[in-house]
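By letter and in written order, the chains are A, B, C and D; residue numbering begins at 1 in each of them.
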Amino acid sequence: MKHYINEKEPVLTLHNVVKRFGGVTAADHVSFELYGGEVFGLIGPNGSGKTTLINLITGIYSADEGNIMLGGKKVTKLSTHTRSKLGIIRSFQHPRLLGRCDIETNILVGVDLAVRRRLPQARDYQERMNILLETAGLSGVNLKDSTERLSYGQQKMLEIVRAMLSYPKVLLLDEPAAGLNRSEMNYIRALISMATNEGIAVLLIEHAMDLVMEVCNRITVLNFGKQITTGLPSEVQENTAVIEAYLGGGGQLAANQ
Amino acid sequence: MGQIMQLFVSGLSTGVVYGLIAMGMVLIFRAVGVMNFAQGEFLMFGGYLCYTFNQLLGWNIMISLILASVGMGVVGVLFMRAAYWPLRKAQARAIIVSAMGASMVFKEGSRLIWGSIPVKVDRVLEAPVKLAGGGIIQGQYLAIMIVAAILMLFVYLLLEKTFVGHVMQATAQDQYMASMVGVPVIFSIAMTFALSAMITGIGGGLLAPLFFLNNTMGATAGAKAFAAIVIGGFGSVQGAVLGGLIVGLVEVFGGAYISTTYQLVLIYIVLIIVLMVRPQGIFSSKIQEKA
Amino acid sequence: MKNKKKSSIIVLLTALAVFALAPLGMGNYMLRVLNVALITYLCVLSVYVLLGMCGQNSFAQAGLWGVGAYMAANLVLRAGFPPVIALFAATAGTALFAFVLGFAFFRLRQYYFTFASVGLMTILNGLFMNWEPVTGGALGMQNIPKFSVFGIMLESEKANFYFILIICVLTFVVMRILFYSSIGRSFMAIRDNEIAANCMGVNSLLTKSIAFGISGALCGIAGALYAFLSGYLSYQTFTYQQSTMYLIMIMLGGTISPVGAIIGTMIISLLQEFVRPLANYMQLIYGAGIMILMVVQPEGILGGGKALYETLHKRKRTGPDAA
Amino acid sequence: MKKAFVLFLSSMVSLSLAACGASSSGNAPVMEDTKTTSSAAAADNTGSTTSEEPIRIGLATVLTGERAMEGEYASNAAKIITEEINSSGGILGRPIEIVIEDGLGTDVGAVNAYRKLADDSSIVAIVGSDNSNDNIAIANEAKQAQILSTAQGSSPTLRDICNENPWLFQLRACEETMIDALIGYAVEELGYTKFALIHDTETNSSDQARLFTMALEKRGIKPLATVSFTTGTKDFTSHITKMQQVQPEAIIGACLFNEAAIIAEQIRAFGMTDMPIFGSNAWADPVTIGLGGEALNGVCSAAAWVPNTTNEKGAAFSQKYQELYGHECAKAAAQIYDHVSIICEAITIAGNTDRAAIRDAMNQITDYHGAITIYDCSTNGDCGRGGLVVRIENEVAVVLQEIYSEKDK
């Protein structure tokens, strides 16, 4: 199901974004655009700066140089919560739920964000929630249960459901499939396709190459904070620099394939 | 000029006292990551032990100080076993609350043992000393400075140069990792509490002739030591000591040039300003927050 | 589910009824103990909002309590306002005071904020003691009239009891509403994971300041009620030690629900009166009791009860399934 | 799940309330325990006097916390006076018993302790604590409960409160006359005119500081410097330098025991070994002298009490106290002795133990010779009529002047 929607205006634009930690450059002049309804893959060996990039986009880190634009608006200097109110929503590598609250509260936090964004459809969340829970394979859970009762995979799924309930413009997924079993992977696929069908721009960080190659419309490869290449999955797979980077970095690409 | 010198000398000498108590507090903070809310009571209890040996049994003050310090080592271990160890996996605030309970037990226990009428112990150095640059320093304060310097050196050498110190440092860094590489965590933490209680206990004995001993003396001294830690930067022994000196100086100069009534208030205003400008404290490097 | 809710409301109401009927046949002494306990409960509730819901530990609550009390006393005695207006104004004033301070203090994270709150507490106590034109200095403020509304004066201790009880019930209800509101959820999001909360559109600084403001409002009401009840204010009451008592109370009760605040306050306040006959040993036993309770039940009585209930429940639920 | 909490809560509340109900009815076993702690001496002697129900007098003091010292002296004195009265036949043929409650040193605690005593209908009168804040906190309580209560505070504010409150008596000389006498001695006899004043901001001390200033003003003198500090201050360098700057002939100090001793030591340590010091009553207290030692030599003070008093009753009590408890008898103990004796006197005059009758009898006591001084209770405030001007020599307070004045009516 690869439908490449090339809209005129990108939803999210990164322009020469730089971030340094001491002597290490975690993001070195990274630039790319994200269009609504596409899945953009961000891959690279461990420590190549993928999560840093998400942190830069969401504003947890502030960029040393360069610009991040959402639609036509410059968001580089905005705080994390302001960016999320503009529609940049993420999931975390290790799920960060409200650990001491029940599942319903966790879901409602997403709804709250939609309300805060003054979206007209925000308050009628019931139907969308049910659809999302079903898509995520969570329809069986008791909403009053504590999140501690959920499996690791279910927690990750719940995080995406929470994000989706706030109607994001850009959805940043940080290794959603890590630690998931086969059937849970399918839920991830379903959630991603639901997002793209709604015209959401999805940025996907993932090590599971089969998933990446399957769902991504375009991919960019990072190594030591630098973009090695950006292109269609098939192009990236054949790029020698990429193979080199992966082999140099432990041969993960090969291992995953 | 002579007056400024006098203020400076007094500020430094009380500052050393706060620094000494703060040093004990910091050791525990580093080891377990929680401020010990009963540290002031260590001071008081150490003072009373010293009083027992010195006044009730009539022994020499130096011997009494050493014995009190040893006694406090035992108290420190018992305190750690009763109030901290069972809660080591609980939230920090549970440890704070149990320490608060323990501090009440200390205060009231001491009152029942030694009564509520304030007492004092002998001074180590009796006569005031005139300094060359002008200004007078009470002999006892001079003694405290000397003892504090020795203790600081001792703590530095113990932590940096000895095996036990390395074990304590390792545990302070990461209890879990320390246990993985075979460091007996309970031993190491017990050592830290003992060391902290010993230092503070000696402090109590040295302070008794100056501040006088009663069962609530810990609260006032503790409040200033706390300010010292926050201002100096908690987590580092040097920071605590320097923080103590700053508190002492702020107290004296603030009293002389701003307001004597609001001395304590001034200290805490400085504390809040320091927190606003440099939350990690003046002499501490930033503690990286885990994202 | 609904059934469960209904029955729990019934039980809650029964408890309330027991409580409301309690003062019949009770002496002035016990009534005062109860009244002060109820006022203390409001302060502990403020700690619940800050610590239990928002995860921020403040030692300044007794100071805010004092701000409310002195504010109400000044409005009545010096500005000549009727007590009702003084009550509302003290509540709003303390809330605003806390909210504004929150903006400064919550630039600090975690225990840095706690340290700053210790500083605030000490500064406030210093002001209560020495700022003579406003607080009457160490001598304090006397002859604050009893609360009165529509010409009815709450003269007796019993009348005050019901008045304070009503306010406590109202605030309890408001706290429940808050708990299930979007503001409440942002508090809890910050408590559980601040970064995730930011990523879900929660403004840390503003939200924490709101939490501090709400806790200030609770302390403000409590302060005003205390001023009217006791008629006399002095710096001895609004101390750092009092703030630590609030923390002890909420920790022993349990931080997971406002009910924990009730349990903690009642246990500690009444425990203090029960150990009274031990006279000299009273505080010793009291301190030891606190320590032992905390060691035995680090999550508080409510947390321990919940864990116990869950294990029992699980056993009951999995039992027949397994068979 | 919530149900469980709520059930738990309600059971807890009802349980505790049941217990409260029991204790508030006044005859609970709880009370029995108090008896044993506070009137051990009474129990020993009741056999020799009479088997009648004892007359119970409440004593609201501070047993625990920061001000526990007061309670230690108070309970010791209570034992002595109980024993004394009971061994000489008691009052109205009945033994007395003193019931002690702990006010914790807070306003809330003071009121709770007071109410616990006032609620007990078998208690006929209540001796209040040695702290003006506590006394003010209970002033309205006394009015409400209609029980004779005494206050140990010496502040003029308290005097005015007592004069308006029929149930509260200030059984102590108001500091005003005493401080005036001390300043009179300093100015008129010793000829000092330049003073610096240092005082604690705590209630009693700040009141005393005001009185010192007033007494000076009466003689046309303004203190050259007034510095204040808060209780618990340990380093007085900045205060002392401020005073040094104005080059006073004498220093006036108004503060509590610990601080008085520390100030004296530091003044001496900074080279002002001969600086005359005029202090509030705490300066001549045995506790202060015990701490400050020789630094206090030469200090003059307006004291209510010294252990080597010339008062016959006082000397006997002081000696007995020293023998029994091994330390010198302080004002806090002597005061309890007098308060209880005066209440007993009032009971004797009243002839019964009716609370109102005892109160009325109280006003009839106009010339009672106590251990500390002579008492005139015709009006409620300022009942103690005398005090002492003392000078500390060789770590002993020596009486220079006895002050006595008639009450203005």
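Simple rule for what comes next: a residue touches a chain if its C-beta (ideal position, glycine included) is under 8 Å from a C-beta of that chain, and two chains touch if they have at least 3 such contacts.
As the structure is a prediction and not an experimental result, all values here were calculated from the model.
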Chain pair, C-D or B-C, that carries the greater number of C-beta contacts: C-D
Innermost chain by mean C-alpha position: C
Of all other chains, the one whose Cα centre sits farthest from chain C: A
Whole-Å separation of chain centres (CA-atom averages), chain A against chain B: 50
Cα-centroid distance, chain C relative to chain D, in whole angstrom: 34
Mean-CA-position distance for chain D and chain A (Å): 73
Cα-centroid distance, chain B relative to chain C, in whole angstrom: 32
Residues of chain C whose C-beta touches two or more other chains: 126, 130, 195, 280, 283
Two or more partner chains touched - positions in chain D: 64-65, 201, 228, 230
Numbers and ranges of chain A residues touching at least 2 other chains: 60
Chain C-touching residues of chain A, taken from the complex the two chains share: 58-60, 79-82, 84-85, 89-90, 92, 96-101, 105, 108-110, 112-113, 115-117, 144, 162, 166
Complex contact set, residues of chain B against chain D: 3, 6-7, 10-11, 14, 108, 111, 115-120, 128, 136, 138, 210-212, 214-216, 219-221, 248, 251-256, 260-261, 263-264
Residues on chain C engaged by chain A in the complex (per definition of touch): 1, 182, 185-186, 188-189, 191-193, 195-204, 256
Interfacial residue positions of chain D with respect to chain B in the complex: 64-66, 68-69, 71-72, 201, 227-230, 232-235, 237-239, 241-242, 244-245, 257-258, 261-262, 266, 269-271, 287, 290-291, 327
Residues on chain D engaged by chain C in the complex (per definition of touch): 1-10, 12-14, 16-17, 19-21, 23-26, 30-31, 33-34, 37-38, 63-65, 100-102, 104-108, 111-112, 115-116, 118-119, 132-133, 136-137, 139-140, 144-145, 155, 157, 161, 201-203, 206-207, 228, 230
